Amino acid sequence: MMNIWLYARNLIIGLWIVFKRTFTKPVTVQYPEERPYLPPRWRGRIVLTRDPDGEERCVACYLCAAACPVDCIALQATEDPMAQDRRYPEFFRINFSRCIYCGMCEEACPTNAIQLIPDFEQSEYARRNLVYEKEDLLISGTGKYPGYNFYRVAGVKTRDKDKGQGENELPPVDVRSLMP
Amino acid sequence: METLFYIAAAVTVLATLRVITHVHAVHALLYLVVALIALALIFYLLGAQFAAALEIIIYGGAIMVLFIFVVMLLGPLAVEQERTWLTPGTWVGPGILALVLLGEVGYLIAVGDHLPVTVSEARQKGVSIALYGPYIIGVELASMLLLPGLIGAYHLGRRVSKESR
Amino acid sequence: MLSTPALVLAMMLFSLGLVGLLSRRNILYMLLSLEIMLNAASLAFIAGGARWGQVDGEIMFLFILTLAAAEVSVALGIVLQLSYRFHTLDVDAFSEMKG
Amino acid sequence: MTDWSHTALTIGVILGGALTLAGLLIWVERRLLGIWQERLGPNRLGPGGCLQSLADMIKIFTKEDWIPPFADKPVFVIAPAIVVITALMSFAVIPIAPSFVVSDLNLGVMFFLAMSSLAAYSVIIGGWASNSKFAFLGSLRAIAQLLSYEVFMGLSLMGAVLLAGSFNLSDIVDAQRHQWFVVPQFFGFLGFFMAGLAEAHRTPFDMPEAEAELVAGYQSEYSGMKFGMFFVGEYLSILLLSAMTVILFFGGWHGPWLPPVVWFVLKMSGFIVLIILIRATWPRFRFDQLLSFGWKVVMPLALINLLVTGGVVLWKAG
Amino acid sequence: MISLLWLIPALPLAGFLVLALFGGRFTRQQVAWVGCGSVGTAAFTTALVGWEFFQGFPDHESYHQTLWNWIDTSGLTVGVSWYLDALSLLMVAVITGIGFLIHLYSAEYMAGDEGYARFFAYMNLFVAAMLTLVLADNLLLLYLGWEGVGLCSYLLIGFWYREPEYGTAAQKAFIVTRIGDTAFAIGLFILFTQLKSLSIQQVQSLATEAWPVGSNLATIVAVLFLIGAVGKSAQLPLQVWLPDAMAGPTPVSALIHAATMVTAGVYLIARMHHLFALAPLVQEVIAVIGLATLLLAATSALVQQDIKRVLAYSTMSQIGYMFLALGVGAWSAALFHFLTHSCFKALLFLAAGSVIKSLHHEQNIFWMGGLRRHLPWTFWTFLIGAAAMSGIPLITSGFYSKDWILWSVWSSPLSHRWIWYGALLGAMLTGLYSFRLIFRVFFGEVRTQPTGEPGLAMRVPLVVLAFLALTVGFLEMPHTLGNVTLFSQYLSHALPTMELLPGMDESSETREQLAVTVSALLGIGLAAILFLPGSNFSRRGADLSTGRPLVTLLQSGWGFDRLYDRACVRPWFLLTRNPGELLDRGYEWLTVGAESCHRWMSHTQTGHVRWYAATVVVGTLVLLGLFAM
């Protein structure tokens, strides 16, 4: 019997607590009119960046596709017949209806090509419109790393430089020589 | 008044006909509810307002709901079997009996003396006073009837477990 | 002025209920027919009460209502029990009380 | 103005008012729920979002009216109509102000009870006719709930009836000229209000349409306007419940300074807000708790209340 | 205040309900508080009501209180209504007052018993039923109380139900009193069918109007009522249950089988005195029954070995005096003896209980002795009780009441001289057996070592009752001695006063009193000679208990048990166990007939419900057809 009174009292206290909420300010943000403040490091939409030379940074290493926990990245590598030894993706496709914006791809990317930017307004009427192709992803800038150029620092031979000519790179060791 | 009465009477009879001929239990029940509501209207027209209200509340609202509840608990209805059981032959005997009954009662009503009818105003007060006055034993008996009804329903309604069977 | 037609109506309803009771094999319909007959009886009581200007008719109706409530609760319990045991509602299947 | 046209006008006002209010309530409820959950609720359409219900209605009307192929068609179609019809019929006996009532029946209370017991059919047969297990379970729950709560709804009402000495709702209101019946009939009020919540399938008694476990229970197969009718019917029954509570226990239209209609509407709105507040706050009962609460707590309470009231009335009468 | 009347039976009833429902959860102390408190409050209420009643007494002779209608159908209206007049107030005062003292006593006496709450529940129920009996305004309510006390008596005799013997004693009491109850009920039916009323006052006035004196109906009803009273009060043909009823706890014997319930018969006859006045023949029968019982019981009491059985027989004997007084029309004298008897007999039983308790439940007086020094309180109170019972002149109440009765017998026009001689002999025997008990129990050498005096809760009732046993008598003193007539004046408003035979003056009264005094003192002296240890005859007195035929006969209460056993019980068993062939054949024929009939009829039992329904319909049709024709 005492329990019943206890329950009743608690229920009425509950009513009062909720009723007091009438006089508190709602936490809702009236979004389209009222823009929320986004921190600069907010992670939103994924873009592919270019290096300062205007070339694609992506070398189609598949690390991003491997790292993606929801498998929303699809790409295929190919080599540029003109620029020898330079790889680039033949297609690069992100299905944003699956992407969870976790940023793993960004962390996995060895060339800083894939980056998450603060944009989040991606609503579409049709689901298929959320599949972004390389043309949709590629931007013309360098993103967060303005001076970085992968091929400059990578120890591979490109059409501009030979082995050992990259930045902070020693000339190649002659393995046949006995000198240190 | 009279028109209303005859319409309600027609509804009652037709709905009742459907009740006893329908093969679908829930539909039959719904027809019966309709018949009950029409009957309540007739009660009202006869001056028994309280009875009319009770007819709907208790009969329509409780007893019939109980019926539907049980029909639901019984699971899927064997409509086809019902259809096979309802051969025209089954109607003959009961039909004759009922006709004889109808004739006899009709005869009784026909030869009965006709007094001027007094449809009086609703007398809930009179009903209550009579109920708790001269009919108090009846009320006691009714409560005595309801108690075994309660106990019986409780006892019968329990599903017999496999072990105890 | 309505009580004679009401009596006739009660009679018709009673006959219909009777026919239903005797012709249906499903115990559920038999119960429904019983309800119809009870209602016919109460209609007759109320018509009688209206005719003689007495309250006894309505009181009898109240008693019939009580009776019906008790009857239905027990009868439906029996129906459930029969259905669990015999897996049918055929009233002719429940003939274990044969003398 | 002739009597006939007065009646017609009253019918028109009450019908229109009830339906409009019911529609408006959809928005009011969403708005209030929003406020109590520290958000805004619908506020786009019209001033403060008050045209939201209109938009909803348009949406519901234009939606596909789909009847499941496995359903029992005629019954399936009838079911939602019953709830609206019975609720609107009940409004016929509600006295909003002196002589502002469609039909001042002698047995108003009984009429209300009759209509509310018939309203149960819509839920029951709707759930049954859907021929789907969730709907079926919902309607089974609705029946059990109805059978238990209908009983003490009537019982708790009778206290007020006893005190007023009449089944007529206007008489009951007039009997509260000096003292609201909620004072002598507090337990009757509690019982009636709880039973009313259960009849209207509102929290914490909304087991038949529990979204969480029964995917909206008896109405889960309904769509389009038929669903809309269930929806409107629910809000109509909220209106009815508040109106009846005000009439039976809170003095109806009586009140100082303001005109009667205003008082009535004010009191009614208070109850509507209370009902929504309850929905915003309280959790749902478990079903067995609901039944045992009804039979073991409220039912004895209502009976004792009735007994004591009867004793007091007799004692006062000498 | 007087409107609190309803509380008097309601309080013990409430006590019963509380104890019956929650007694298991209470501690012993709480149980005792509830049990004694309810009766004590009732006694207090009685005092209040009595005070108010006396305020307007001679002008308002009676007070009615109707609580509600118990039965109200066409033609029969029975209310739960109380009727308070001088007679019922006296009864109520005795029941609640002495009842309270006995409750107080049992709080200690029963302290070690496991059924403590049950005991007090039964006792409270008994008090409630007894109060219902005496306060009832109509005969049906009176009958309810009548049966209620019978039930409680049964429950309390068989209180220690684990002993099969006690259970048998309880059943015996119940069945024997049932004979009387049945007769009483039949009497009620006759009264109701003849007079269409059950109200006591109304019935009596109606009866006085409708029936002439000595009419057959009046005699029949009076006889039936008398049988009821005889059964309840353990008078001659139905007296066999009372000695066995001593199986119950001693306070029960004190309350039920001495002070209150057994006097219900006296109350009934006094209450219905108008009716009995219509049947003078029956009144004579009452007197004869009273005399016979008093002599029979007194002689039986002489030789009993069980202390409680002695007291039981003495109770029968004293009630015999009351019946005697009723028979000769001395209503007030009977009730005065009832009053004094309740005091001294309750006292005797309680003192006996104290003895029994201190002797580890030893009840045989031949195992007692010399308790005078060990139990002084008990001894003195017991002595006062015994003195009051034997009627020691001037100082004891028993003297005044017994003397009144004997004087009434002497002087009543309804009496005969030989009845008076019988009663005088009874007075002598009373002194003899009372003081036999005293000398056996309290004098001589100690045979069983007692544990010591009882505690305060037991001693207080003893002292109060002893005081009452001495002083109650002063309420009414004969013309020759003080001429106090408080009691008879008081009761004259409820009961008619007796007419005296012509020529009864003070000198004859003095002579009669001297005879009574002498006979009582003679009895005591005889007891001293026969039973006082140290006297010559005491050894022979002890021999009285060995198996001489007369002694055996007396010890078995004149062999009524055996008589009933032979006359009723055994023939019945014989009849049922060895049924005659003829009877059997008759029954066999019946069974064969029924069986064949059944076989024929069972064809109709198809087990098909619809078949049954159709049969019903056809039957209805036939009936309707007959009706239509």
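Labels A, B, C, D and E are assigned to the chains in the order they are written; within every chain, residues are numbered from 1.
What we mean here is this: a residue touches a chain if its C-beta (ideal position, glycine included) is under 8 Å from a C-beta of that chain, and two chains touch if they have at least 3 such contacts.
Keep in mind it's a predicted model, so treat the numbers as computed, not measured.
Considered apart from subunit D, the assembly falls into separate touching groups, namely A | B, C, E.
Counting only chains that touch, the fewest steps needed to get from subunit C to subunit D is 2. Here the chain-to-chain distance from subunit A to subunit B, counted in touching steps, is 2. Of all chains, the one whose mean C-alpha position sits at the greatest distance from that of subunit C is A. Centroid analysis (C-alpha atoms only) places A farthest from subunit B. Inter-chain contacts peak for the pair B-C, counting C-beta pairs in contact.
Taking each chain's centre as the mean of its C-alpha atoms, subunit D lies 66 Å from subunit E.
In this assembly, the C-alpha centroid of subunit B lies 59 Å from the C-alpha centroid of subunit E. As a whole-number value, the distance joining the C-alpha centres of subunit B and subunit C reads 5 Å.
Centre-to-centre separation of subunit A and subunit C, using mean CA positions: 77 Å.
Shown for subunit D are the residues that touch two or more other chains, of which there are none. Shared contact sites, meaning residues of subunit E that touch two or more other chains, fall at 614, 617. Shared interface positions of subunit B, defined as residues touching 2 or more other chains, are 50, 54, 62, 66, 73, 93-94, 97, 101, 105. Applying the touch definition to all chain combinations yields A-D, B-C, B-D, B-E, C-E.
Within the complex formed with subunit B, the subunit D residues making contact are 72, 75, 106-107, 110-111, 113-114, 116-118, 120-121, 124-125, 128, 136, 139-140, 143-144, 146-147, 150, 154, 167. Residue ranges on subunit D touching subunit A, taken from their complex, read 34-40, 277-278, 280-282, 297. Across the complex, subunit B is touched by residues 72-74, 614, 617-618, 620-621, 624-625, 627-628 of subunit E. Subunit A meets subunit D in the complex at residues 4, 11, 14-15, 17-19, 21-22, 24-28, 30.
Interface residues of subunit E, counted against subunit C in their complex, comprise 598, 601-610, 613-614, 617.
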